[in-house]
Each structure stands twice: as C-alpha cells, then as structure tokens.
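Dumping the structure here so I can ask a few things about it.
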Amino acid sequence: MKFSILVNEGPYTHQASDTALQFTRAVLAKGHEVMRVFFYHDGVNVGSRLTVPPQDDRNLQKSWSDLAEEHKLDLVVCIAAAQRRGILDEGEAKRHGKGEGAANLAPGFRISGLGQLIEMGIESDRLVVFGD
Amino acid sequence: MLHTVNKSPFQTTTLQSCLRHTRKGDAVLLIEDGVLGALKGTDASGDIWGRRVEVAFYVLGPDADARGITKERMIDGINVIDYEGFVDLVAQHKTSQAWL
Amino acid sequence: MSEAAKGTGKKVPKKFLYVNRKAPYGTIYALEALEVVLIGAAFDQDVSLAFLDDGVFQLANGQDTKGIGMKKFANTYRALGDYGVTKFYVEKESLQSRGLTLGDLQEITYEDENDDFKEKPSIILVSRAELSEVMAQQDVVLSF
Amino acid sequence: MLHTVNKSPFQTTTLQSCLRHTRKGDAVLLIEDGVLGALKGTDASGDIWGRRVEVAFYVLGPDADARGITKERMIDGINVIDYEGFVDLVAQHKTSQAWL
Amino acid sequence: MSEAAKGTGKKVPKKFLYVNRKAPYGTIYALEALEVVLIGAAFDQDVSLAFLDDGVFQLANGQDTKGIGMKKFANTYRALGDYGVTKFYVEKESLQSRGLTLGDLQEITYEDENDDFKEKPSIILVSRAELSEVMAQQDVVLSF
Amino acid sequence: MKFSILVNEGPYTHQASDTALQFTRAVLAKGHEVMRVFFYHDGVNVGSRLTVPPQDDRNLQKSWSDLAEEHKLDLVVCIAAAQRRGILDEGEAKRHGKGEGAANLAPGFRISGLGQLIEMGIESDRLVVFGD
C-alpha cells in the first residue's frame, strides 16, 4: 500500500515529528511504500541542519536524513512555510541575499510547493497527519 | 474511518469533539498526550465509556508507557497497540482523520 | 474509487476535506490551511471545507486586524468560489455553543456554472450528525 | 495578582483553571484567542459571569477587534483595554501569572 | 520586599514559583521548565514548584520512554532537593480529576540541613484554595 | 518601573511574539525601562535572520531587531533552547562545525544562558510571560 505522511510541527517542542518518524519506520517495516513525507507549518524546522540537540538526546533531523538515505524517501519541506520560518536551501538563500554558506536545509530534504502535498492526497492510498 | 487524538482530554476539548463525530464502526486511536484519555476513573473517562459499543478504541502503547499508564489502569476494552499496529489500523480504514 | 480509476486508466477525482477547528490569528493554522486550499483548488478534485469548533470564527464578520499588526485573510474565503471551492460545511452546534448564528458569518457565494451562473450560497449549515456523514464520505481528510 | 489567559475557553480548560485559582481582588486579562471567552451567551460565559463580583475582567481590544468581537457582544462589565492599558495593569499588580 | 532590599543595600531573596500545568513528552515544556529550575537553583532565591492540571503527570511513577525514543527526565525531580529546591506543591483536585493519588507519584525527598539532615518529603499536597494562596504570595511566577 | 519579558513561542505560528512585541513597545511608550527580553522554547526562532515572510506580512525578526537598535534593548536567546532548534551565532556555528557563514542569529540578538532569565526575575520589578 502507498502511504504519505504530513508533519505539522517542529522538532522537540511537540512530539509530532517523533511520532511521525516512528510511524514511517513502521510503515517501511511492514513492507509498504512511502510516497512522500511533507513538512508543513513548524514542521519545516525538522529540516534544519543547524540543530545541535544535547548529546544524550535524540537527533531528529539526522534520524530523518538517515532514514531518507536508507530508503530513498522523498522528504519535502513546504517553500512558503519554510521561508516564513527561515529554512532555506542554497537557491533560496542566494535569491534572498542571505550570504554564502547561509543555506540551512539538511541533507535528504528538498524544498518545494504545496502542490506536492495535494499530490500525496491524490496518489497515495493513505495519508496520515501528525501535528498539534 | 480512523480517528487519531493526540491531546489530553483534561486540557482540551479535542477528544470530546472527536467522539461526537464518530460513527458506528469507526476506530479511535489515542497517541502522544492523548493516551491520558485512556485512564479509567477520571473526569474524562465517561466519554470513551459511553462510545465503547459503537466505536473501537486503541492506545499507542509506547506513549502510554512513557506516561506510566499501565494496561490495568485503562478503561476496560481499550486495545493497546504498537507503531506497526498503528500502521495496520491506518491500512484497515479507507480514511484517517487527525484531531489536532 | 481508486480501483475503478485503475481499471479505466482514467483518474476519478478524490473527495478532499479540509477540517478547520481552530480560531484565526492566535495561531497560524487557519491561514496556512487556507493557503493549501488555494493551491489545491488547481488540482480538479472534489473539495469540501468543514468549519467546526473554534474554526467557525474563521468566517466571522467584522474582523479588523489593524491593532494586532497582522494581515486579515478573511476575505480570501469569499474568493474561493472562483476557484471552484463552493462547499463550506458549517456546524450548527459549534455556532450555538459560541452564541453565534449564520448572520454573524460573512456571506460567501459562488456562481453556479451549471445553472446559468446564478449566485448561490457556499455556506451549508449542517448538524453535527450531518457533518459526521460528510466526513465519512471523504477519501482524504486534511487537518492542521 | 494579574492573570493572563490566551486560549479559547471552547478549545482548552485554561480559562476554567485560571478562574478557579483567582482570589478576591485579582484581575484577569483575556488576550489572543483568549478573547473568545469574553463573548456573552456562550457555553463558557457562565464561568466569567460567576466570578465577576470578586475578580476584575479585562479584554485586549486589538485582539477582540481582530476576531470581530465588539463591546456589545461581550459579557457585561468586562473592560476593554489596549496595549498601554495592559502595561498599566501589569504595573498595578505585584505579580503576573500567564496561564499558558 | 525589593524596597526593603534597596534600603539596606542587601538583597532579600525573591519568591519564585514555577508553574507546571502540562503533561510531559507530548510537548517539551515540562522538560525545559525543569532546565530553568535547575539553573535557577544556583541563585539562592526562595523557590517553589506548583504541579496542577496535567502537570501532575510529570511526577507520575513508572514512566518508561524507551518505546518513544525520548529521554526520561522524571528522575531529575528527585535530584532537586540537593540543590535546595524542596517545595513541590501538588494540587489535590488535579490528582482527583485524573483518578490519581499521591501513591501514583514518585517519592521525592530532601535532607533538611536545619533539622539534623533528616529526610523529609518534598511533595506538599495542597487543596486548590491553598495553592491559590501560595500563588498569591509570590514575587515572580514563571509558566511555560 | 523595570520590566522584563519572556517569549516562549516562535514567530508566525503562535501570536505570542507579536503580542510581546506590541507589549514591549507599549512599555517603552509609557516611559518604563525594559531590562531584557528573553527568548525561550521555540521563542528562539524569532532570532533567525533567515526568515523571509511574505511581502504583505509583518517581519517579526526585523521588528524586534529594529526595536532593539532604537531603544538599546537586550534581546537574549537561550543557548540550550537555541542549539536544539538550530539558532546559532558565529561562535556556536564554528564550535559545532556548521561551516563558514552558517550562523543565523539576527542582528540585535545575543545568545546566553538561562541564568539571564533568572536574573530578570530577580532584578526586574515586573516579569511578563508570553507563550502558548
């Protein structure tokens, strides 16, 4: 079965991105397909490569990036939500004059539009929402 | 329809609103702080008890464990599942609705 | 439905429901949900909006956000008809609990292209039971 | 003591919890989504009405305006203030407590 | 009190109350509040903690967070006594509404240096009215 | 009178940082002193220089930075909360190997410890909390 996942909250503050991560792992463990994970609202903050959680705590960005690499997941950060909250890839950082090296989007994530969320609804068998 | 609820019933009216919109044969899964709703003998437990015949109730076990809520302290008839059970529930129902 | 679509090779539109349960301005969810609805309107699906609980305040008349320095987006709901988004299910019980009537909400209309472009109301007042029925019929439910 | 409440009384139990901890002479200021609690004739308005003799109630006007809530629709006796009035209230009370 | 302090040039400790009303793990507020309490303990103020509403779950026995992949921080409350944080006001009505008793909470104690280092309970069970009284006596109330 | 302000939520998602901004302006307009504004929890995200809000919307980071410059305000972002959420000044960015130009702390903000929050409580006449 083809699953898609929507993550509406940022890391650490709300449990949503933890639950979504565990859920996504379980979807894969059960042999289902994950079409895409879409990060919206504060969820875009999961895709910041600048987070430095305490050493005895989990690292949510890294966990997602690793899972994406291992399973070729499509992790999409909403461009409008990301701009509002200061998550930029290289193109965006340059376009907005934020200076060399300022891009903070983590490996394995890409920035795209809300159409990608609608597509998930259209093309997946199941869409599951995690938020606050 | 599978409904998920992630809020404490003592703090918000989300569980109540969800339950009022459930229909016969629906399933409700309590996750995150929502698992507090599974406790029996509380000011909120009557809401779930009142819908137990028409609706199937589930609790995400890892979330219950984290909050120190054992099976014995839950309202009778609530099923405890893990993340893979969550996936199965989603697969079994055409649509999921998250009550945020 | 998706089975039927597979059989013919033609895509049947899916039924999308956007659930609005939060008040505007205190949090961004109402505004960013509306942004999804706007983008989603371009995809030719069967779109409905539900307004229940504090979500009914999103449609309230007389909003004036100058004092809080935020952009008022209530007018945008009125533009959705032009994008084919014409089903606004508003829950009666949610209005009543909040001391509101339909008269406290903005008027939202669309021109029905199947009926000589007559102007018709987009807001459909429904009971809780009716709204539950609408929810049950959906293929995709998006809540924020 | 000045108490501030920024949550809708229809969505959370925050206002209720705040009011149960107010004492004679306290002030309660509704801000952000909390201003929805100022509406009269609602399922929640009895809570404020019941405390109006012992507690002074205020609403942040700009937040009420944003949500289309005019003075006429508010519970009688609630005072509408602006941000400078908010500052004055804080100055007048030794301690502020935010009910989040 | 601050007037008195100014007069003598000596600083009288202020009464700090940390208000905990949220359950742990679903949101980070409980954990990050605890981090403030730990740092605050070094400042020699008169510190109290209040646990009411869902905040009482922060002290619940038997928490096991392995399954959710998060760090369990409940034990840290027990260490606060060593930092001079010894007043944990827990509201009786909040426990009752949630079907809890004092026995469902961790035991938290401190050694009273003014009483031959006897081990004493840090948790003080109070009624809602008593907690309101505690709140009213504070100089600074921090809520998260 | 000496005021201090605690901001517990990030920009745009919750109204807290808007209300805190308007409140701080009013405190200054009334002739009071603002000892410090402390940003905790997701509040640290207010201090990201990478946010790009829509052109017809307010810019919260810029509004705070401008207010700080005009009134010599002390805007402090909690270091522990900021690390978790990926808000770093130059020293932090370097220390954690995030690369040249990666620092995203906005002008007028500084990163410091939770002791600064306790100090606010001790030294201010009034401390006001904005959050969710």
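Letters A, B, C, D, E and F mark the chains as written, and numbering starts fresh at 1 in each.
We adopt the following convention: contacts are C-beta pairs under 8 Å (C-beta built on N, C-alpha and C of every residue); 3 or more make two chains touch, one makes a residue touch a chain.
All figures in this text were calculated on a predicted structure; none of them were measured in a lab.
Touching chain C and chain F at once are the following chains: A, D. Farthest from chain B, judged by the mean position of CA atoms in each chain, is F.
Of all residue numbers that take part in the contact between chain A and chain F, over half occur on both sides, making this a same-residue interface.
Think of it this way: of B-E, C-D or B-C, only one pair shares over half of the D-E contact pairs by residue number, and it is B-C.
Between the CA-based centres of chain B and chain C the separation comes to 27 Å, rounded to the whole angstrom. Centroids of chain A and chain E (each the mean of its C-alpha atoms) stand 36 Å apart. In chain D, the residues touching two or more other chains are 6, 10-11, 13, 32-33, 62-63, 82, 96, 98, 100.
For chain F, the set of residues touching two or more other chains reads 8, 12-13, 15, 19, 22, 41, 57, 80, 127, 129, 131-132. In chain C, the residues touching two or more other chains are 25-29, 53, 68, 70, 139-141, 143-144. Pairwise chain contacts in this structure: A-B, A-C, A-E, A-F, B-C, B-D, B-E, C-D, C-F, D-E, D-F, E-F. Contact residues on chain A toward chain C in their complex (touch as defined above): 6, 8, 40-41, 80-81, 113-115, 117-119, 121-122, 125, 127, 129, 131. Contact residues of chain A toward chain B in the complex are 1, 3, 8, 15-16, 19, 22-23, 25-27, 29-30, 32, 126-132.
Those residues of chain D lying in contact with chain C across their complex are 6-8, 10-11, 32-34, 36, 39-43, 45, 61-63, 65-68, 70, 73, 82. Partner chain A is touched in their complex by these residues of chain F: 10-13, 41-42, 45, 48-54, 57, 61, 80, 83-88, 92-93, 96, 98-102, 104. The touching residues of chain B, counted against chain A in their complex, run 4, 6, 31-33, 60, 62-63, 82-84, 86-88, 90-91, 96, 98, 100.
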